[in-house]
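As C-alpha cells, here come the structures.
Look at the two complexes coming up: chain A is in both, with chain B in one and chain C in the other.
Coming up: the complex of A and B.
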C-alpha cells in the first residue's frame, strides 16, 4: 500500500533533504512534488529554506563549509529541474541581475564560483564571466545586461588593484550599478578606497551585504 | 654543505597518503569527533587522493645563495633583495656564515586541471583543499630531510617564508624566480606574480651556523594573527 504524502509534507521534506544534502531523497521528492501538483515557487521556497538553515548553522559554527556546499549543490541541481513544475516563470523569480567575475591576471575562481552559486540559489539572475576577465568585458557585460550588481573577485594583492579602474569606468557607463567586491587580500577599507559600494567578507555574508546595498542603506 | 642547486622529486607513499587524508579532513572542519564526515565528502576525498596518486608529480627546485648583506632595504643576495623588515630582523639574528635557501615546489598542472573541470562546487572545494594540503605536506617532508642534512654539517635552518605573507609582498616572487630556474620543474610566474600551475609554492629559508630565532613572529605584536608560528629554534 502506498501512503501518499500531502503537499505540505513534501515541501517540508524537500527542505529537509537539502538541509541534510540527501541526493536520493531529493530525487524522489521531486517526483512526488511533480505528481502532487506543487508549484515551482513552492519548490524553490523549500529548496532555499533548507539551504538557508545550513547557512545560518554555518554562520553560528554549527556546520562546516562542505556541509553548506553539499546543500548548495543540491539546490543547484534542484533549480535545474524547476522548469518542469507548474507556475515556472524564470523572469518572475530572477528579478535582480548580477554580473560576476574574477579580475584580469587572477586564475583563482573557486570563491567566485561559490558566490555565483549562492546568488543563483537565492534567485538572482547571474552572468558569470569566469576568471581573468578584462576591464572591458566587465564594463560591456554590466551595460549590456543593465546589471543592478557587479561583483568583482580577486585573490591576490597584485591583481586586486585593477578593481579601482573597473569601478571607475562602470560608474561612468552604468551609474545605477552597485559594485560589491571580495577576495582574500581585500578588506572593507580597501574596498571603499577602490570606490566599491560594498565588501563581501565571505561567501556567507555576500547576501546580507547585497541586500543592504539594494535597500540603499 | 648540501648541493647548491638541484631539482628533486618525491613519490607519495602509503604513510604520506594516510596523513594527507587526515590533514584534509581536519582542514575541511571534520577534526572534531562528533562531526562525522559525510559520505559525499569521503567520496570526493577518495577521488581527490586517487587523482593525486595518479596525476600529481611533486617536484622541487632549490638554490642556496650566500647572504651578501642586510640593511634597511632588506636581505641582499646575488638574486636580488628580500624586501621584508621582519625577515631582515630574523636574518640579523643568524650567526656565522649565512645563506638564503630559495625553493619552488609544484604538483604539476595535470591534477589541478582535473579539479578545475569538476562541476560540483563541493568536489572542487575538496580537490582544491587536497591539492593545497598535499603540496604543503610534501614541502614539509622535504624540509625535514634538509634540516637533518644541514644539521649534520653544523648548520641550522629557519622556518620557510613565502611572498605574500607577513610584510613580504607578493612581488617578492621575483627574487625567488631570479635565484633559480623554476622552468626546470614546469613552474612559471605571470606578470602579476602568480605561479602557474596554481598548486605550487615558493619560499625562502635562512641557514647559518646559529639560527637562534626561526620565525619573525617573535618580533611581531599581532597576537591574533592567523599565520603566527613558533619562534624559537629547536
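Coming up: the complex of A and C.
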C-alpha cells in the first residue's frame, strides 16, 4: 500500500516536472521511478499527462510556446530513457507511421520540430526529413515507410505552392497515405485546394486533426 | 515648437518632401485634419491629406490603403530577389513600380527580415525567386555563450543597412508629395532570432535570459543608430517589427522583460526625429496592450486579432482611439482568393473598423511576393469604393 502510494506520488511529480519543465527534478524522479518498480507505460502516461496539460494551457493561451518547447524537451528526454523500465515494448505504442518535413526552399522548421516532437511523444513512429525537403524525398520516404500520415509544413507564401505537386505524386504512389499540411501562409481552404486531407491550424491542433482523419471523419 | 524642429520642418519643405508629422505642432495637424475631413464631403483629398486626417482620427474621403507591395514589386521590373534585396536602385525602382501601378498612399521597403543579421555576420541564402533568409545550418550564435560574444558592429560599414538607407533616400526623393514613405527595422529579438534560430532562442529566453539580454543590448545600440539614420533619409514613419510580442513568440511577461524596454528605446529614437512609430506584428494574438505601453505607437499593423479581443468590433472599441489600426487582409486570401473575394473581405473590414477614422486598409503582412497582383489592386479599389 505504501509502495503504491509512493509510486502515485512519483508519477504525479513526473507529470509536474514536465509541466514546469524542471530538468533536474525529472532526472531525480527517474532514478526514484527506476528503484520503485514503476512500469514503462506508467512513466509514459505521466510524461504525456504533464505535456498534455501544457498543450491544453497553450491552446487556451495560458502557456507560451517556449514553455511548451521546454516541456516537450523533458518528455523527449524521458521517452529516451523508457527502455530501462520494465514492461517497455516499443512496438506496442508506435503503431502509426508519420513522415514529416518542411518543403523545398523553406528553412523555417520550428513548427515542424514541435509537431514531430508531439507525434513522437504521443506514440507515433516519426520519420523527420528535416527542412528544405525535395518532392522526390517526400514521396520516396512515404512509399518506403508505408506512411499512414504525411505532414508537410511551409512558412512562406513563396514556397507553399510546391505542396500541390507533392500531394499529387503521393496520391498516385501511396494512395492510402493521409496528408496533413500546416504553416503560417496557409488556411483550411487553401490546404484542401492543394489536395490535402487535413489542415493543422497550429502545432497544437495537429493531434486532433490526425485523429479525426484516422477515424475517417 | 522648438527651433530645431522648425528648422527641420523648413528643410523638408524646401527639399519638396513631406515633413515628418511629429515636427508639426499637434494643434496645427488637428486643424488641418478637421478642414480636410470637412472638405472631403465636397471633393477628394490628396494622399497626404487623407493620411493626416486618418492619423488624427478624423474621417477622410475614403480609408487610405497601404498595399505593402515589396518583394512583389520586383516582378514588375523583372529583377531577381537577390538584386531586389541587395541593390538599392533595383529595390527602389521595383517599389516605385508597385506604388505607381497598384496605388495606395504609402511605400514601405520591407526588403527582408535578415538585413541587420546579415550585417552582424550571419551567413545568408539569397534565392532567385524567394525571400532571402539566414542559413540556419550555420547560425552566427551557436551556443548560449555566443550571446555574450556578440560585439557591436560599425554601422557605417554595414553594407545591407546602408543599402536600405539608400533605398529610403531614393524613395523619399521620387515619391515626394504623392505619398508617405516608411522605413522598416526588425526588433532586436527578431534580429537575434535570425542569428540563433527560433528553436534555440525561445528556450534560451527562458533558461538564460541574462545572456540573451546582453546580446539584445548590443543589437539595440546599433538598431537605434539604424532607425535614426532611416529617419534622416526623410521618411515620415518607421515600422518596427516586434513579432515576438504575440502568441507566436514569448509570453507577454517574458516579452516585456526581454524585448519591451529595448523596443521602447527604438520607438523613442524614431519619435525624437518627428517620425511616426508604426508597430508591425503579423503574429497571432498580438499583445496590443504591451506594445502600446512600451512603444506608444501611432499605428499598429497587424495580421490577426490581438490576444484580448474576440472580434474586430471589440478591437475597434478597445484600441480604435489609442492607435491607428492598419490591416488586416489575410495572406492566404491574397495568395489564392479571387479579386472579388478580396474586395468582399475588405468591405467587411472597412464596415467594422473605419468608422470615425483611424483605420488604414492593408494586408496583414507584406503582400505575398509571388501572389497575383490583381488582388493588390482589389485591396486598393476596395478602399476607394467602400472606404
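Points to keep in mind about this one:
Everything that follows uses one rule, which is that the second predicted complex is superposed on the first by the 212 of 217 C-alpha atoms of A that agree within 3 Å, B and C clash if a C-alpha of one lies under 4 Å from a C-alpha of the other, contacts with A are read in each partner's own complex, and residues count from 1 in each chain.
Everything below uses one rule, namely that a contact is a pair of C-beta atoms (placed from the backbone, for glycine too) under 8 Å apart; a residue touches a chain by one contact, two chains touch by 3 or more.
Since we're looking at a predicted model, the values are computed, not measured.
Because the two structures share chain A, they can be overlaid on it, and in that overlay chain B clashes with chain C.
Of the two partner chains placed around the shared chain by superposition, neither chain B nor chain C is touched by A:137.
When both complexes are overlaid on chain A, the residue A:159 reaches chain B and chain C alike. Of the two partner chains, chain B is the only one that A:117 touches; chain C does not reach it.
Of the two partner chains placed around the shared chain by superposition, chain C is the only one that A:193 touches, whereas chain B remains out of contact. Of the two partners chain B and chain C, it is C that touches the larger number of chain A residues.
Of the two partner chains, both chain B and chain C are touched by A:69. In the superposition on chain A, A:213 makes contact with neither chain B nor chain C. Within the superposed three-chain model, A:107 lies in touch with chain B and with chain C [touch as defined at top]. Overlay on chain A, chain C versus chain B, candidates 37-45, 145-153 or 289-297: the clashing stretch is 145-153.
The interface of chain A with chain B overlaps its interface with chain C at residues 21, 64-67, 69-70, 73, 105, 107-108, 110, 113, 156-159. Interface residues of chain A, counted against chain C in their complex, comprise 21, 61, 63-67, 69-70, 73, 105, 107-110, 113, 131, 156-161, 184-187, 189-190, 193, 202.
Taken together, the chain A residues at the contact with chain B in this complex read 21, 23, 64-67, 69-70, 72-73, 76, 105-108, 110, 113-114, 117, 156-159.
Of all residues in chain C, only 125, 127, 129-131, 133-136, 197-199, 202-203, 205-207, 247-251, 254, 284-285, 307, 330-333, 335-336, 368-371 touch chain A in the complex they form.
Residues 28-30, 35, 38, 40-41, 120-122, 124-126, 128, 164, 169-171, 190-194, 196, 198 of chain B are the ones that touch chain A when the two sit in their complex.
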